[in-house]
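The structure is given below, and queries will be raised subsequently.
Order of writing sets the chain letters: A, B, C and D. Residues in each chain are counted from 1.
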Amino acid sequence: MHIGFIGLGNMGAPMALNLLKAGHQLSVFDLSASSVAALVEAGARSAASVAELARRTPEVIISMLPAAQHVKGVYLGDAGLLAHVAPGVLLIDSSTIDPMSAREVSALALTQGNRMLDAPVSGGTGGAAAGTLTFMVGGAAADFDAALPVLQAMGRNIVHCGPSGNGQVAKVANNMLLAISMIGTAEAMNLGVSLGMDAKVLAGVLNSSSGRCWSSDTYNPYPGVMEGVPAARGYSGGFGSNLMLKDLGLATTAAQQAGQPVPMGALAQQLYQTFSRQGNGHLDFSAIIKLCNGEIE
Amino acid sequence: MHIGFIGLGNMGAPMALNLLKAGHQLSVFDLSASSVAALVEAGARSAASVAELARRTPEVIISMLPAAQHVKGVYLGDAGLLAHVAPGVLLIDSSTIDPMSAREVSALALTQGNRMLDAPVSGGTGGAAAGTLTFMVGGAAADFDAALPVLQAMGRNIVHCGPSGNGQVAKVANNMLLAISMIGTAEAMNLGVSLGMDAKVLAGVLNSSSGRCWSSDTYNPYPGVMEGVPAARGYSGGFGSNLMLKDLGLATTAAQQAGQPVPMGALAQQLYQTFSRQGNGHLDFSAIIKLCNGEIE
Amino acid sequence: MHIGFIGLGNMGAPMALNLLKAGHQLSVFDLSASSVAALVEAGARSAASVAELARRTPEVIISMLPAAQHVKGVYLGDAGLLAHVAPGVLLIDSSTIDPMSAREVSALALTQGNRMLDAPVSGGTGGAAAGTLTFMVGGAAADFDAALPVLQAMGRNIVHCGPSGNGQVAKVANNMLLAISMIGTAEAMNLGVSLGMDAKVLAGVLNSSSGRCWSSDTYNPYPGVMEGVPAARGYSGGFGSNLMLKDLGLATTAAQQAGQPVPMGALAQQLYQTFSRQGNGHLDFSAIIKLCNGEIE
Amino acid sequence: MHIGFIGLGNMGAPMALNLLKAGHQLSVFDLSASSVAALVEAGARSAASVAELARRTPEVIISMLPAAQHVKGVYLGDAGLLAHVAPGVLLIDSSTIDPMSAREVSALALTQGNRMLDAPVSGGTGGAAAGTLTFMVGGAAADFDAALPVLQAMGRNIVHCGPSGNGQVAKVANNMLLAISMIGTAEAMNLGVSLGMDAKVLAGVLNSSSGRCWSSDTYNPYPGVMEGVPAARGYSGGFGSNLMLKDLGLATTAAQQAGQPVPMGALAQQLYQTFSRQGNGHLDFSAIIKLCNGEIE
């Protein structure tokens, strides 16, 4: 299949490579010449602009961009994707943006006869490289079915979350809960250890009890509890605190728009903002345990 | 084995019955005559006072009381357990109290030649009746080994958490994390549904992603997502919000004593306090989802 | 002076009337025919559109609109104010909106040779009617001086807060602190009374000590402490909780954009959102004391 | 008048000196020999123990101790004040402790025929030296009247807050509101400055508007806004963050006992705990502005 790919950053580049590996024909665009060059070397064709990429009429176009403003920049306006893409092309935006913006762009695409899915991912750069991402997909069922074989070249768990925008909704809801559970796990571990418990024993109790969560049993933030997690290597790698902060911003803003209280989510946003302001935004998001515990290195 | 049992409330009574069923000889004490009568009918001998029960010199004495003040009332003072129990008797307090008080009582017991374990439970009245409680045990390893066969008559998962007081530490750390995850799950479910997602689909996404936790996959608070949980029956039964509020009080007080910040735990305590103050303390703790969502019945 | 006025709602109408009373010539526009009719009866001329009002070339145009989207709707686009206003006209937006939007509109106005001030107010409908509003003004010093006589017809305290957007910054900073102090006062009063103090005596102590604030000494939320405040009349009138919620949304969003933690401000936003979600958004913002105290009517 | 004074720390010593200056006869006790020596040099007589001081039967005995455990240690037990003081002596405890403990000790004193007041102070070591403390007094009106001339030698503002314990209630309610307003002021100042406002201009707006509070107009935490406050000297001197943390602990614990939600108070407690844990407990409590703003020195 001929696929267009826009946005070759830390996530987009390995995703695009997996499409090539799966045998797809690929046209790519990015503002960074070196990012484009790496994909061309792997077998992709470069496009000089979004418009040129669109005019080649690939069957599917995938975008992977940092924020809503970039998505609007790529899709809208005279030089944008929607102004140049042929009717019937399936558009898939894998950026993580707010649901309202996703629905706005998708409504415009549908109006002019394109199909569009929002399909944000989880799994990080590791999952992008390994082709094991989770895709949370919003849009029409038929479009989801059409996209499935393409997405399966990049991910393992592909979930249809309902109509347009719902992929973004699922993503922000999940990541808000993840941030809350991570800080909760950090507090429980700090509290238990400060009161005299061994960290590994405590984690064992939590993981076999009702406190069990992904942050405690798969990604424990306390050093020495697990191997192979960021806590075991000084909180390098993983999913950065600043990225979590961005997702919490999307969640609390969406909650404001919906008139929905999220007191824990808002506190999580503030704690990550404080942690970031103290100079730790580059550390994995499990490093938030250090905000309340100066003894952890 | 001859076992003494003090405190025959909603938890203590079914625990004591399971000891009888396991073939143990039982002496019991409670201030409520009817509670005592029920156990006597099932085969236990009653004692007129804590002191009398102690003087019968059972090999093991178990207590199950509402709060630290009751534990101190039963164990300390001229009429208390410690003043009348024979040296060498193994004392097991299964009440949920603060770790400091547990350590204080246990230190006094050890000083006079008794052995003592703190062994709070989780699993609720259902687990007490079915004999499937989890015991989180603090105290010497040899005492833990001695207590194991007795505790196995009442529970399934018996965990040694380290020295004296650590059973209580594990309990408050776990329940604090549980409260945080439950409110986090409630917020994520409310947010997703208010933004247009189907509750079951959203729970499915969370449970296969990094937001997964016991509160989302085993005890989901959103009505219609799961069968057999309090959310499926108007939040009756289960673990009451006021009991969770009590445990959060223990956790935040212990954190104060340890100089350990627990911002999420403290917010959880305040939200349950608000929910209780609004007249909902008798509802299962998953009903906290109603605090921020007036549309859920 | 010939003044144009756009937006004749609860605030705009009495402000416009005060301009008439001060002897100014007034052209007005509003989507509501009845709002326009009331001003026409008082001596204003109506305009059929924003564009028509602009083409009459008043010396000053004032707008008073509910939110940023309305301000952008009125100022931008082919039918908007900026497209039709003559160069040199002084534009004053008294709406409360986010500083970023205020700066965006003002930058466009300056580019095309207009002068523009953001001048949000405090003082409510009472202050608007009495002409005692406070204006927090952002923009060039010369423009502030030019606007002063006009603003003095509507307000008493006119403060220059610095360059464009700073009026909005001062407004959101002040109202965020107001919300925090109000909830803090409510908590201190609830706590003291629940521990046995007389509300009036407690307020007296706070007001002569370091807890003193506008919410405690001028607008006390506890019933029976002061006369003439919303707490003395069932929390009717005053500054609605939903309006405070809107301002807290502006504050927390601006904080996100600035990367600035505001944990108390975010919690205040969540508590007002919860209070609103429970059906109390129409009550004065001091009614937040009821969120944590079910006994206050 | 012959007055006994127990507790000659940073606060107690200057208070005792002011009693001497006012012409009172003074007997003093403290565990620190050097603290006692300083008072003896100034004209006081030392007592070898609390019991000896009590047996000298001064007309009034004042205590100024760090925490409830010390108050109970001094007043209760075989060697304690209550066991040795003559009936009729007026006891005044100026320590800041929880209201429950204050009421417990005072009830015992009354039972045996003594009169007792709780009379915690505000004003810090500066106010203690200058004799300008505020006393918040709980106890019988007649006892308050009797104590007034004595307290006026040490303070300026002496307030009767109602029956026993109410002095402590007023103190914790005031200081909780103070902490909330201080953090709120810090957030508003940080937010405004990060969005482009001059700190002095912003403080001016707040202080003439509804955001006005003691923390903004008398003790502003932003450097450069005011002279003579801790923010003007690197946050040295003043009222230490760890002392505020202690008072917030008393407030939140009292709120738990009263079943009263104080979400802002609890968050303030957590923020000061975090600030303290990060190594800043010795700084004035207005330094909390640095928690969320790494650029302030």
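Please note the rule applied: contacts are C-beta pairs under 8 Å (C-beta built on N, C-alpha and C of every residue); 3 or more make two chains touch, one makes a residue touch a chain.
Since the structure is predicted, the reported quantities are computational estimates derived from the model, not experimental observations.
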Most widely separated chain from chain D, with each centre as the mean of CA atoms: A
Averaged-CA centre spacing for the pair chain C and chain B, given as whole angstrom: 51
CA centroid of chain C to CA centroid of chain D, Å: 39
Multi-partner residues of chain D (at least 2 other chains): 255, 259-263, 267, 271, 273-274, 277, 291-293
Topology of the chain contact graph, where touching chains are joined (line, ring, star, complete, other): complete
Chain A contact footprint on chain B (complex, rising order): 99, 122, 134, 136, 157, 159, 161-163, 165-166, 169-170, 172-178, 180-181, 183-185, 187-192, 194-198, 201-202, 204-206, 208-216, 218-219, 251, 254-255, 258-265, 267-268, 271, 292-293
Residue ranges of chain D touching chain B (in the complex, touch as defined): 249, 252-253, 255-256, 259-263, 266-267, 269-271, 273-274, 276-277
Complex contacts: residues of chain B adjacent to chain C: 267, 274, 277-279, 291-294
